[in-house]
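Labels A, B and C are assigned to the chains in the order they are written; within every chain, residues are numbered from 1.
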Amino acid sequence: MYAIAVENLTVTYPTTRSETFRAVDGVSFHVRPGEIVGFLGVNGAGKTSTIKALMGFQTAVSGQATLFDVPVQEADARSRVGFLPETALYSPYLTPFETLTFYGELHGMEGNALKDRIGELLIRVGLSGKEHVLNRTLSKGMQQRVGIAQALLATPRLLILDEVSSGLDPIGRRDLRVILNEERDRGTTIFFSSHQLSEVETVCDRVIVLNKGKLIAEHRVSDLVKQVSSLEDYFVTLVETGGDSLHRTAPESNRNNDTSEDTRTETERKEAVV
Amino acid sequence: MKLYFAIPAVALLALNGFLLRAALPEMLRQPDTEGAEEVYEEKPTTSILGEFRTSLASYLYGRAHEYMHGGVVFRAATESEVQKGKRVAAHGDSLEDHHGSQETSVVPESEYDPRSFWGDIERGAQPWMDIRRHGHRDLAEALPLFRMMTWTDPHFVEGYDMGSYLVFCAAKDRNVDRALEFLAEGIANNPGSFRLQKSYGHYLLANKGQPEEALVHLRKAVEILERRAAKGGGTDRTQRQQLIDDIEVSQTWNEFIMALRKTNRREEAIRWSRRCIEINAPCASGVRTLKIYGLPLPKTRSL
Amino acid sequence: MTPTLRVWRTLIRGSFLEMVRRKELYVLVILTVLMVVGAYSFTFFGVSGLEIFVKDMAFTAVGLFSTILGVTIATRQIPEEISRRTIYPLLARPISRAQLLTGKFVASWVLTLASFALLLGVSLLVLTLLRLPLKVILIQYIWLKAVSFLWLSAICICLSVYVSSSAAFTLGLLLALGSGAFTRSFLLAYGDGVPILNWLIAILYGFLPHFTLFDIARKVVYGWDPIAWWIPLALTVYGIAISAFWLKLALNRFEKMAL
């Protein structure tokens, strides 16, 4: 079973009455449970469209996507997912505590369990002491922390984060790295898009690169750092030339594997890939 | 911080006060209608505040009609409705002339309503009564509205005119004196109104049996009309036509000529009848007067 | 509690907190009181016997302001979530779009009803203090208002998923406050034209909202007796059916909407 499975996904937007723009063009990739995958690409590459299709916000014109084997069109697919959208402005008339209570209740959480979880998360994201001020008084970075807390609220098995470090200051980014590492240690799968390549390099197991709606590279970070001087140089060259000169180290051969693969050790998986 | 809001607020209030101060003396003055019009044209502040109070008075006047019918709304019948014979029949009491002769209810009667079931629902849910057989609530209920509209705008002539009529009708014994009292207040506030002079004269002539006293007011009313005609007697055909078509103008002339006849002023009655026929085609009293005295009808001026 | 009811309850609670913290409701409550007391204040200047006028002012204020609030609340439910981008964390929960839309609809209805109750409560309090009693027909007035708000919320939610938020607000307000004038114009035009035109008018008439049928405020003001009970019952069935129609239309669009 894959945490995320995307097969030949195509997402289009109408531009005129008769023409459409292919934001995502036949993209396929998989994310295994427990992996941290960075989703890279320049602005307009199709990252957010892919994520929207993954979350069922956008209907794909072809291909399919599943989360833990459940088609994304079904509400149940999102029951084990925490999602952070790019720069959301949480209700200016609610406090962070009320915002999290609202999302928690929508997830079926309630009572003291919910209160305790919110209290714990507010400390984790650095909003302790700000829980009862209105969201409108919070800075953009603080609002992003509220967003991170709501994504973590229901103890998800998969975190999908769009431009996760947007609006965060250096301390916020450091705190975020700590949270992501803690979630990884807990076994949570993390799939996130970011323009902060250093962050991707530090946190991710694997990167997937999109350009003009197509998947142009898929590499293990550990392999990449052996072959390139820096991730940033590699990324810039990749996008400018439009082609990947490096050996593709993504688990290409595993795409059609059955779920028994998950039971293998990390070493076995790496061997299979290489 | 709050001071930043307080300063402009106080400034705004001061400006408001200044404007009111500039406008109020003109508004509180009791000019005749023409004079008032001139002041309104010259002073924008007076004009704006005047528009507001006139609008409020007009709104109240509009509601008064509803009040008399317990909230039922009437409208003028369309031409096709009139042609199809859907007309307002005379109703129980003597107030029929407050309706136009071709008025009908906004929610139609079942035989004119194509909606059948939905029509029944609307007739049940909304204040509705068949205008052909309808009556009125206690007219005294609407009187405060007239008191209020004339208090709001002392130059709202319709309020005094219609209000005095209601004062007259509301009492079972037809209280003419109270109606005259209300009209006298209206005349004091609007000495240039021919309508109020005409109505005052009408009550004296028709209800008090005092033609001499009535003549004083009716003569004033006609003089106002003549002054107005002389002043606005240009080539604006539509305006003149409207003036002549005005039922109030016609009634004023009729009442005046009738009062002249009743006070045995033969020569004057003939002279004014000829004048009335000359300028005013539907001059029933003028025609009748000339016929009574066996005189030929003058040729009416082409309009 | 079923998942759908839980979603509805949460959405109502969230929207309620927002409404309470916005200023518009308080402004309208104050305006209502000012209108009623203002109308009554004429008695201090020697104009007595204004009972009907004061009641008229009170019910005009309650009807007008609750309608404005109803349109405002309903037309911003979905567009505001989209513009703030909070629609994403909302739909990232295991809830369907149908649950979200119906939840927003129920929240709009409940909040409009709450605003109406507050405005009416304040007005009734003022009228009671002024010793201006009302008749039993008031119960039917409240009942029919509740049904009309159901319809108003459904139309406004529907408009808000088809057109922009501001356009939905304008159209909603136009339909809510102008429907009486529209339907009366159609009624006047009916019968004057050729049969085909009459059919067209009848169809258009059927599609137009008939909020005036649900507003018996004038009967309350003028102290009429309660209306026949089959009328509120028939209007309730009609109101629920037509609300379901508008909601289904909204759902058709919302479920296919790219967010």
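Everything below uses one rule, namely that a residue touches a chain if its C-beta (ideal position, glycine included) is under 8 Å from a C-beta of that chain, and two chains touch if they have at least 3 such contacts.
Here the structure is a predicted model, which is why all the values come from computation and not from measurement.
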Centroid comparison with chain C (C-alpha atoms), farthest chain: A
Centrality ranking, top chain (CA atoms only): C
Interchain centroid distance [CA atoms averaged], chain A/chain B, Å: 76
Mean-CA-position distance for chain C and chain B (Å): 38
Residues of chain A engaged with two or more neighbouring chains: none
Sequence positions of chain B contacting 2 or more other chains: none
Parts of chain B lying in touch with chain C, wherever the complex brings them together: 63, 66-67, 70-71, 78, 80, 106, 108, 113-115, 118, 121-122, 124-127, 137, 140-141, 143-145, 147-148, 151
Contact footprint of chain C on chain A as seen in their complex: 13, 52, 55-59, 75-76, 78-79, 81-91, 93-94, 98, 102-103, 105-108, 134, 147, 150-151
Contact footprint of chain B on chain C as seen in their complex: 42, 45-50, 52-53, 56, 144, 184, 187-188, 190-192, 198, 202, 205, 210, 212-214, 216, 218-219, 221-222, 224, 227-228, 231, 234-235
Touching residues (chain side chain C, partner chain A) in the complex: 3, 6-7, 9-10, 13-14, 17-18, 21-22, 84-96, 99, 256, 258-259
